[in-house]
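Each in structure tokens, the structures are laid out below.
Both complexes below contain chain A, partnered by chain B and then by chain C.
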Partner chain A sequence: MFDTVKTSDLSHVGKNGHREDTIEKLTGEAMYVSDMLLPGMLHAQLKKSPHARAKIVKIDYSKAAALPGVRAIVTGDELDYRLGLYVVDKRILARGEVRHFGEAVVAVAADTAEQARAAVDAIEVEYEVLPPVLHHMDALKDDAPLVHPELGSYDYMAAAFTPKPGTNIANHTKLRKGDVDKAFAESEWIIEREYSCPSVQHVPMETHVAIVQWGKGDKVNIWSSAQSPFTVRNLFCHAFGLSHSQVRVQVPYVGGGFGGKAGIGIEPLCAVLSRKAGGRPVKFQASREEEFSLLPCRSALTYRIKTGVSATGKIVAQHMTMYWDSGAYADYAVNVTRASGFSASGPYEIPNAWLDAYTIYTNKPYGTAYRGFGHVEFHWAVERHMELVAQAIGMDPFVFRLKNALRPGSLTMTGEEITEHTGNVIKCLEEAAKAICYGNLTDEEKARQKKTGWKIGKGVAALQKAPAMPPFTATSVVLKMNEDGSVLVNLALTDYGQGTYTSVRQIVAERLGFPLEKIKVAFESDTDRDPYDWQTVASKGLLLSGNAAILAAEDLIKNAYAVAGEILHCNVCDLGHDGDKIFIKHHPKKSVSFASMAVGHALPNGNGVGGPLIGVGRYIAQGLSNLNKEDGQGNPAIDWTYGAHGIIVEVCEETGEFHVLKIASVYDVGRAIHPEIVRGQAIGGMLQGLGTAICEGYIYDQQGRLLNPSFTDNKIPTAKDLPLEIECFVVETPQVDGPYGARGVGEHSMISVAPALGNAIQKATGAEIMHMPMRFEDVWRALRHKDPIDNWITKSPIGSCRSAPEARPNG
Partner chain B sequence: MVYEFRYLAPKSKAKLCAMLLEHAQDGKLLAGGTDLLPNIRNGVFRLKYVIDLKQLPGAASLKYSQQDGLILGPAVTINDVLRNRTARRLYPVLCDCAHELASHQIRNRATVAGNVANASPCSDMAPALLCLGATAVIRSATGQRTIPFTQFFAGVKKTVMLPGEFLEHIIIPPAASPAAGRYLKLKRIAGHDLGIVGVLGTLQDGKRRFAVSSAAPTPVLVENVAAGDDESTVVKKVLAAVSPISDVRSSKEYREHMIGVFVQRLLQEVQ
Partner chain C sequence: MKIKVTVNGQLYERDVLEHKTLLRFLREDLGLTGTKEGCGMGECGACTVFFNGKVMNSCMILAVEADGATIDTIEGESRGPSLTDIQKAMEKNNSVQCGFCTPGMVMSIKELLQNKAKPSIPEIKEAIEGNFCRCTGYVQIIEAVLDVTGRSKEKGELKHV
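Up next, the complex of A and B:
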């Protein structure tokens, strides 16, 4: 789909076109599911588990059922359905046993939310509390309680995953490349370390919300704040055994998702309540507190890396073990594990690699996709590790990175060859380093350091990510011409804030040769109206849907030309067009307007020609393969987006306090379709990444209760936490199969912010931090070589993620 | 949790006191509501009555006289103080603390009286009132009593006010010259956050005072600092007055360290 046309020669692509949703959003006009009320609608509330693991002995809802306004009460015992995309392991409501604090046990629908709450309070649940398994390393022990004793009976996507029944391992991903033992034996240095990060919450501005009406004849209507209407429909139909033609999913404006609204969520819960209430629509909107423990979070990770380096500073071998804490359900976490597994080295060439990545069940709120899909977590480890390895072998970390970075001819860990079109991580690193004057302090910085007494340090970190998706992922776009010759774009990729619709609009306008004003992308998605899209995830939307939009535009023009040829009595090959009309190139005055053909053309005598003009574009990922489950080899990546951050930080050694003075972020986006949107993604993701770097994380007590289940103690950064100076650049190495050469950048801005900060803090002060987040106290402790406060997951001794000793000479 | 309660808005102090007494068990006083309403929503309180004091005559009055000093009614918001020229000129320390409290939106609602009547250990206004020698005028159906803020706090979320009493005024005494000072508050993010620890250091007429928040069951005033004390003596005196704990925000060890650092910084900065 790549055009070699320069951006300066394009009319819309590469320009900062108006973003159509902004005014509606800023004025409050935009309609979200949160805003919606339907006639006869009921409100749902949930009785949730106060325990991490317990047997449900008895549920008594007789008092609740008698309360005014209560229309339906549902328990897990009456729901014999399982939900899941990759590992089908979750029920709509807990059945027999609760597996995490905050899990839904009983659901109530009533005329008002207050009545539903009163009913929930009147429900009595008797539990037999069982010992939970809380830390993912504890869960691997032989005598650990099993979170899912029936794992062996669950359905799962066998082509990609390997559950281990009889253990807490929901999936074991393997990767084997080259001869690791031999390469370690030949290494000059071997450095082994362990890194970790806790679970965090996505915090979308609009909490999860859905309205479902289970109508007559099992016709189900769903309105949901979801990322992927078709996947909601598909998984819903699988769970309930319904035909896809019976279920309609509509997604209006969505107030953020960040992966937390991928797959299926609370829709089945509303559906069973509606069914039981005789078909009245049921709405459930999660409270902010429910976002933290009822709904999924990001998995915690412990990552151990052992690296063998040659005398010249080239990595020759790497042994990697990832322990992913999926929490109580692993449906999505197994795919985070898989996608992280094949990318686990970061953008570096590892000739001999051995990786085991485990998805581990524990009795905690469960993990799912979160912007970066594992890459934020493991890049924390990889990019801190690169720094520490470089330090151990006495090499500058930046030089060490460049020496080992992927370049044309390199083989990735799965055996994919990097080409000159893949993207240029080296250039990203160099640009980021240049922007912060990496390697030395400016006179101004020296003066500042002298004045404040705070130490200034600079660090860089690189990043990579490919979309994590099935190798045959497909999408489609339909263009419909309106009576006036304007064009409506229908697609089921959702725009929940990332701005893709604006880019698709530019692409359609560019390819049609129409003014931007003539193109409208319908904001609401609807499975009954729109053509198929798999999911809005993985930073694949622009690439796949952008290509489909190009093909749809070409199809529309082709169809219009066919009609125009008939009307103008000429060869189609002699036709040309502008934004209003099609004309004969050698007789430009002979023309027919798009408007007169849009819904069928009437000849002067009244005869009809043509018919409504429609353009269809379909695009499916090409050349990808399932990875071999034994050695992880194959072709998983439709594209790799590379990037790098450079950070300047000042640190107070006495207290561990720090300020980020500057961050420079660079991404190889292939072509920036809309530079301001790229910048928006860059800054938004950077701040989200900074939040997880400086303060975010779930803290549990020893019974597995979440101690910070709200904004009181689970802080996220605000605009006040923005670095003093922000620079964003793009590198443009065109993606051959990307629309106008573009590739996705939605998730990448969040990746590697934390290690860049960690590296800068280390450069400034020497503090070696291996555990996210880096609160002021953590920096202070690291500077004094005190043990980190391991309050993230219980006080289990094995939960303390200690780093391995210093580098040791081999042998 | 949302549920029904009766909202009362008495227009006289006598009525308010009678209502407070009658509903001592099932009612709460509403001023700004920035603490009360989240607690109602979260089900911490199950109230039958919410008694709003904002209809009282003079509830929002913020007055200054050379004789009495600054007198704050119970509905004076944090931003009322920050917007008041006299407060800014004569009580900069009060404004420094006020500015550290939550976010601008919350400061529009939150009241100075509520911030101290709530008696949270992390009250941001308490340090200023303690260092400035403010007094609480407490009213009940039977009369009025005045106590200094040093005796106002009784424990975590507890004050010496009895059922049927409310904080009618806060009086900050006049001073020949305004107290110099600065409030250092350690937070997890740059914006709206509860303090991990907060230390206010003031210097007035040659006398140094420190007040510490988030480091003991109540905000703490340290007055026994002598002019000749060296830095480490001062730090020791302040640390002797507090008893920080370990919790999700910080360890005890780090809180103690930061209090020491803040005291040192304040000794240097507040001259």
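Up next, the complex of A and C:
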């Protein structure tokens, strides 16, 4: 909407306006759930499984129950509920069997956290340890233990997913396009390789936290650090058989999410404790260690790609098999599989494609959405593969990419036609390459290389992502005019730092023609106050809520004009307005102020007209369809955001150490609504992508115990890990149905950082790295053709990690 | 155990449990929730406060160790209606996303600027290295420091191509 208006003709959109939430955060006034205390509130602690797979033989909490301050103890046996977004496979507390290390087994609520901790320590659980299935490739073997023997009896969303009862496969997504066998037979080259990456933790700085009060009249109040209040409410009501009107979810400031807080988490746990404690509110905040092992992570992936290329360097066929490690529960992982399936080739045209993507249960902490929704992981594979295929056929990898990139007229793997409005990946690639002087070293770089002895290399990688969401995803925005003519915006999309509220505010101000200061977006989200939004995920917020905001603004103006026409005795079509008033265009002095109409207008004789001014905007995704389950064809993407990174790296061949000298990132955002926020997303995501690329990942021992659930052993990037130079660019190919032409970019910055780095390292040294992360030792090994260390299950656990379970007291 | 501690210029006398950290004392006993807990293990810097004039991770200090000490927290910044120069620069430079690291970050930057009027970029990175931020990628925080020390020209920007 309004995609053709030039930014220079706009007042607010495209400018770097003030962010409304910043001052509270800078002063410490902003209230997060972790800061909240309620009268009579109890504190919860959990007894967790020390085993990856075991039968629960006996739980004895008699000693714990007798301890001071203990108000409620709950075990899985008394909770006959199952939860699940897509496959309903998870208990609130383990029942009968534990399926991963760190899974919650018993929950305690006490007056203080110390008392709850003491009670947890006094609980005795007897287990019969069973052999776990840890690696997702092992889980596919015929004799593998089944993580969910009852898979066949679970409910699941049949329109989108296909679980395979009797196996560990939680979902099988298929895509079939063209005639792959024929195309392979005609290919000049066929190259097949396999790539992988481990599970990774989101690391929001605020760990998951919730307070729940289950009142005696079965009214439930939830305060949660959740991304999607309506999804929490919906899943909660389904699990407990409550009406939606009985449950209220409020989300105040949230200290980061990145997908890890997208679904439902610890809320049901607090709820059952509160119910058992007679309705007292119960708070649970995950410790940092629990954030790693109790709460979900990003799925590991093994991705095998076989590509057929013609004599001219065009990809003619691709056979793709993705093996996603779901961990113990399906959660979002099945949908990551589905969304990755339809996007699996990256932004390239594949005329003949065959894809099988499996979500595989293992006895490990479970996988969920994480910024990029699978695209970070599989782009690692795709963009390393493009590099290696180009090398194999003797073509420059950049030229090979351009040759195969999607362009107007191309068909995606699901058969969607790309148009000139879709976005321009070729331009993104070209600009990224230009920014790093791709292809050769500058004199300065040559001199540096000579001086340091470290080899300099340059690499590029492209990316694409569309929101993964049901085809009928909808949202709404309500504008309410205050007595002074200012406007309050209510929406249930949450803003945990992305800045979407600021952009929505700009859009509302723009469309109303009001100054920015007159618009306030209500910060906390509340299912009892705000109109519906599906979820805050998928980089869909700006597009859907931005459109709803435009429609709400138009509705508000329309309603105000109707009242003004009555007051001014004129036709609505003759009216105009500014930020304060509505006037007759021909007689601008004849006007009525918004303030005087905001809550109902009093005529001179005291008669009332109008009423409180409210604008409602609803938007639902257009033109999308379910994908055919047999061939994956259909229209899943409301918009595609394309991008590319260029990286310059220097590598010490002797030690495998490297520095990122420069990263240049380019995204086709349609329109940058707030350039500094776009840049903040670009850089923040880039560094998170670099963390994934260079150091982050879960390490387990052979019993399936997580060895590195702490910042000591699972580093995340600090300020010192920044590349020396960072440049961010935007291309603006307007999205026809985006608000002012904009499309989302929140996740994209994290995608393809890793392969751009891998490609640059390969260019510098020849090291062929196929496994992420690329730690210095992995580069060193690759240079010496040694296998990378297996990141999933380490073979030499003891001593390699300071937080090995043996070394920790309350493991 | 009874302790006397001066926080943001005000003297408090409180009874505290021996094992309570200074962080939890500030948050739970004094209601100063601006200081955050990101790990409780001395790794992330979300709990950074001034302890007798030097920044420290308050999760690694016991409240009883603060007996007689002077503590400054984020709530002590910007007393009165206006923000400090550091806060203003962070506001202007889009240095805040989720905001959970922000109070600790403000304290570390304050100490840096007390010690050095115009720190170099590597010195800024060094000073905030112990403050994890998962959202911003640090660049716009570093730019706020450049800005507040009169070097806003060194700031990057989003380029339209």
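The rule we apply is simple: the second predicted complex is superposed on the first by the 790 of 811 C-alpha atoms of A that agree within 3 Å, B and C clash if a C-alpha of one lies under 4 Å from a C-alpha of the other, contacts with A are read in each partner's own complex, and residues count from 1 in each chain.
The rule is simple: a contact is a pair of C-beta atoms (placed from the backbone, for glycine too) under 8 Å apart; a residue touches a chain by one contact, two chains touch by 3 or more.
Everything quoted here is computed from the prediction, not taken from an experiment.
Legend: residue contacts after superposition of the two complexes on their common chain; A:G76 is shown touching neither chain B nor chain C. In the superposed model, C is the one of chain B and chain C that contacts more residues of chain A.
Judged by the touch definition given at the top, the superposed model places A:T718 against both chain B and chain C. Of the two partner chains, neither chain B nor chain C is touched by A:P365. Look at A:V254: by the touch rule set out above, it reaches chain C but stays clear of chain B. In the superposition on chain A, A:F729 makes contact with chain C only, not with chain B.
In the superposition on chain A, A:I694 contacts chain B only, with no contact to chain C.
In the superposition on chain A, the residues of chain A contacted by chain B and by chain C overlap at 114, 712, 716, 718-720.
Chain B meets chain A in the complex at residues 1-4, 42, 186, 188-194, 248-251, 254, 257-258, 261.
Across the interface of their complex, chain A is touched by residues 17, 19, 27-28, 32-41, 43-44, 46, 73-75, 77-78, 83, 87, 90-91, 93-94, 96-103, 106, 124-126, 128-142, 156-161 of chain C.
Across the complex, chain B is touched by residues 113-114, 117-118, 289, 654-655, 657, 691, 694-695, 699, 707-708, 712-713, 715-721, 775-777, 780-781, 789, 791 of chain A. Residues 16, 18-19, 21-32, 34-35, 37, 114, 202-207, 253-258, 287-288, 427, 431, 496-499, 666, 672, 675-680, 682-688, 710-712, 716, 718-720, 722, 726-732 of chain A are the ones that touch chain C when the two sit in their complex.
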